[in-house]
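Look at the two complexes coming up: chain A is in both, with chain B in one and chain C in the other.
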Partner chain A sequence: MSETIKVSPWLDSSHKPYIQIQNVTKRFGEFTAIDNLTLDIYKNEFFSLLGPSGCGKTTLLRMLAGFEKITNGKILLDGEDISEIPPHLRPINMMFQSYALFPHMTVEKNIAFGLKQDNLPANEINQRVEEMLELVELTDFANRKPNQLSGGQSQRVALARSLAKRPKLLLLDEPLGALDKRLREQTQFELMDIQEKLEVTFVIVTHDQEEAMTVSSRIGVMDSGNLVQVATPAEIYEAPINKDVADFIGDVNILKGIYKGQNEVGTQLFSEDSNSIVFATQEVGASVEDEMWFAIRPEKLEISKVAPSHDHNILKGTIEDIAYGGSFSTYHVKLDNGRILKAIRANRERTKEHHLTWDDEVYLQWAPHSAVVLLS
Partner chain B sequence: MKKFGSFNIFSLIVGFSFLYIPIILLILFSFNESRLVTVWGGFSTKWYGELLQNQGIKDAAWVTIKVAFFSSTIATILGTIAGLVMTRFGNFKGRTLFSGMIYAPMVMPEVIIGLSTLLMFVALAIDRGIFTVTLAHITFSMCYVAVVVQSRMSSYDDSLTEAALDLGCTPFRTFTLITLPIILPAVISGWLLSFTLSLDDLVIASFTSGPGSTTLPMKIYSMVRLGVTPEINAVSTILVGVVTLGVITASLIGRRQKQQTPKAQHT
Partner chain C sequence: MQTNPNFFKSIFNGRNAVIAIPYIWLLLLFLLPFIYVLKISFAETIYARPPYSSLLIWGDSWLPSIKASFDNYLFLFSDSLYIKAYLSSLKIAFISTILTLIIGYSIAYSVARAPTRWRGILLMLVILPFWTSFLIRVYAWIGILKTEGLLNLALMSIGIIEQPLMIMNTDLAVYIGIVYSYLPFMILPLYANLEKMDMSLLEAAADLGCRPFKAFWTVTVPLSLSGIIAGCFLVFIPVMGEFVIPDLLGGSETLMIGKVLWTEFFYNRDWPVASAVAILLLAILVVPIMLYQRSQEKAIS
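Then we have the complex of A and B:
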């Protein structure tokens, strides 16, 4: 059941991880694609590997599938070492970025292909193929060839084919990359539904941070061959571990601060941008005069023309640009020292009652718990 | 329409006449009643009937077909393997040299190929006959197959192979169930190409044949030396027909294969 996910097995040491990637290194000649990476993934998770291109996420996925040999370390699936098992003997299936549908076979035959390799009886194959076609709502397309399908339909055939064998683990390589935005959003929900219905563990590779946030139980953010942070989407967004993660996931304003010690509110930092002390509730271990950063998401910056009654956590500037996004507007506010910050304001009123417009002098303020203090 | 301007039509006619008038004449005169090759004596198919009586030509035709069939079949197997390997290995040091060496026989003068194979057979003391002609034909036609297969493989999505392995298919079955069916049109057109090449080769066959292994082109060539007869026209017309059929089939298969390749996956 997906209940196991709701109780966050990664926080409970009595849960045994389903996939254990232990000190895995992969080198291509001189180049190290994966550098001593260790990661546990639990049963029924929807785990995303997220990172810029070339960070090694696809290599890691291909090692799970068995297409790349591990240089060092090992991978366990359900307690069994699978490092040396060739791809065709692993109880793992993969959905390819290009979908890789066999062009000379019909949709039906494509889905049945994996089952036939297991020499299942014909009636069982037919039954499972039908189930799969129903699952992805392509029953009417059973006899089409792949070149007679649209992008969205091909994507669903590829998904059905990789799920037909009921794998212990399904790997998805940029599964929605080729779809347009609207279809992608719809398919994200379908993927989540299917994952919950079939209780399969999903590992997905994506460079689309919105997609990772929407679908995942946890996200592993990768950079240059290693994991930078592994956490739930909300944790990654609200408590990034460093500037890179904060910057990679969503929009963020990162400001420099000089550590001035702790008080009853929390951490005190001196900000050159506001030329005053700013407070953050988060406590950090550092010594006075250390340089660090604090990150504030645009939607947590309150923008107003009226000067606040208190005197901390305030930045003053002028509106340089306004991006109207329908449900919200993004304001680019230029500080006196020339830095530009982003602030988002929900457009709750239909009229322009708040009268924020270009070149207005505005105050940006935020609550002490809204900023994240970052040491690196 | 500008496209069919008078100059364009004129060039078209001149160009095609230049290419095809000799062959058209040959075909026309094969249906000539008269024994004189250059004088039209009315329509007749009697020379085709006479062909059937000519044991020499029939023997030569049989030899040619056997050689063409076996050489193209073996060349197709070897050429396909070569084409596959060249794409599978990707980029390695000396790749250009290797692929260049596969293509070299295409531009090598036939006389050289013929002479060098002959020298080798003499050195190895192999009796010349159908076997040696077949071997020689394999060496020059397999490169054509390799080229055709390699160009098909360059647009082959490797994830198809990986997908089959991923679904539990053994590497060998993956080749027979996925890779081969997908590249089959290229393999067949490679076979047809080497079949026609073998069919009309004169130079290499002359060097490498022995007693009892006279091929049809050799037979025609030796008959012409005694004077051109309508019989030769008839047998040549048949040869033209077979070759044309082979080339057209090969190109049709090639076209169909292009249409079958999935529309760009990104649509």
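Then we have the complex of A and C:
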């Protein structure tokens, strides 16, 4: 997790949002793709719209680009209402999921296309194209046609083409979806570098939560046309707003708890899985006997064969499965009631002595501040 | 020396048989008739049956002597009628190809951009005229275009014109007939091309600041070039030799090489000159046919 902007303008009310999406609704016939959505995005942000397919994230992006008409509400860019401005007049550029490179033009001509529409002088166009080719390291490929490029190269041409006009806002629709894992990770860092260097505001649509975590300043998690949570990657991961967000971002163990009130440690919950009271530092406003959940990330569950000295926040089970991941291993632990929890442990020892193995009886424990209490 | 039995087996296998069929077809139905026509074009007209002289004269020696002449070809250049007819055919074919392209492109474009459920029906309507005989469709145009035809009656009854328009038996009638008859040959390759175009390319163009009209010329048209070329050749080549339409709809001043050929063959019974006209027409068409082939090969690669 890294942050591309060091300050947090969304916490500072003196900052004016750069993009204001105000009560926007989009309907396709009977179907509501975006439902009364409001969102502010700030200058130089790397904002991710994250969600399962069909959640409306692409529709929202296409409304920013101007390809979809807004049914209700409006979108402001730098204070100006752009809702009715056609796409070719918006100072916004988009990088398409399919890249949409013009197959009849060379790399150079593709990049120059947008600049030519502005009737810039030829030498300025050439200079700008040169800069862009250097930026994406494709100078040697200037005269190739798109069908002579690899997936990664096409992706970079598409990026160069969308950046050539120096847009104030760049929209990226699943930009890395077609690349293999290694290339995708490398390109994520390149994207972040470029974004910082050119000081462009990026809005990216992705269904890949790892990608969103890596590149974003903030993430907007969407579901069925609504924003469920808007926060920094760390906040989304460590303090998800509900079970769905917790489950969608990363691996998580979600356990049911009955609210039993507060004490000096924090919230007391009765867990059926441990058949005892568990503690969470986080305070919640609820009444006794309310049903709620607590979520623990696998890396925050400590797994060991030795019984802990204290007596709360402990679950007992046997190792059902082990996924060896090199630097760490994921253990699937089966509780006595049959539920399976995931725990991750770093593989610090090279020798076998400390290793846990199948059918080992183990204890899972966690600190009261490691669990997130979720009301829904 | 012994022949390897596998040699014959390897030649007469299923694969070669399949490949051979089109070649045999072309040999029997194109190459042999062509050689026959070529042969006649070097002969002389005589009153006999068939009405041309033999190329091979069997004299006293073992080998026959060949009696061929270029007179028929020279004759084509001596009488300005033929040159004029070729040029006029070229002109008519060229203009009607352009007209067909303009009309065909707009039809193909609107069909390709129509909602998916409509496309099949619209395309069906384009192909539907083929279900009626070509000749009958051209005859129908006589009924529409003649002095007391449907068009004139309609225009006069609503008072747009007072005197009937003289369209029948003019070049205009020929253009109308040709454009109407050959439109499907233009629409189909263009539709096939436009239909598979990636619409996100137009969005990309708009996104980069290109107006829709300009995007049409800088993106859609260049990408449909192979369809344009295919459609234009499919219209231009047969129109060059068109006989029925100028004969039925055209007037005495409509000069087309197909009509000249017909006259030479049936009225003058001058088979050798008619053959020479046909061979020269083919020679003129070989150039666009080869260009067409080249563009098709390019499109494939």
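The criterion applied here is as follows: the second predicted complex is superposed on the first by the 372 of 376 C-alpha atoms of A that agree within 3 Å, B and C clash if a C-alpha of one lies under 4 Å from a C-alpha of the other, contacts with A are read in each partner's own complex, and residues count from 1 in each chain.
What we mean here is this: contacts are C-beta pairs under 8 Å (C-beta built on N, C-alpha and C of every residue); 3 or more make two chains touch, one makes a residue touch a chain.
Bear in mind that the values here come from a model prediction, so they are computed numbers and not experimental data.
With chain A as the common reference, chain B cannot sit beside chain C without a clash. In the superposition on chain A, A:Pro87 makes contact with both chain B and chain C. The partner of chain A that touches more of its residues, comparing chain B with chain C, is B.
In the overlay built on the shared chain, the residue A:Ala178 is in contact with chain B alone; chain C does not reach it. Look at A:His310: by the touch rule set out above, it reaches neither chain B nor chain C. By the document's definition of touching, both partners, chain B and chain C, reach A:Ala100. When both complexes are overlaid on chain A, the residue A:Arg348 reaches neither chain B nor chain C.
Within the superposed three-chain model, A:Ser150 lies in touch with chain B and out of touch with chain C [touch as defined at top]. In the superposition on chain A, contact of A:Ala65 is made with both chain B and chain C. Residues 65, 67, 86-89, 92-94, 96, 98, 100-104, 113-114, 117-118, 161-162, 165 of chain A touch chain B in one complex and chain C in the other. Contact residues on chain A toward chain B in their complex (touch as defined above): 65, 67, 86-89, 92-94, 96-104, 113-114, 117-118, 146-147, 150-151, 154, 161-162, 165, 178. Listed in rising order, the residues of chain B touching chain A in the complex are 157, 159-160, 162-171, 173, 178, 181-182, 260-263, 265-267. Here chain A touches chain C in the complex through residues 65-67, 86-89, 92-94, 96, 98, 100-104, 113-114, 117-118, 161-162, 165, going by the rule given at the top.
If you check the complex, the residues on chain C that touch chain A are 198, 200-201, 203-212, 214, 218-219, 222-223, 225.
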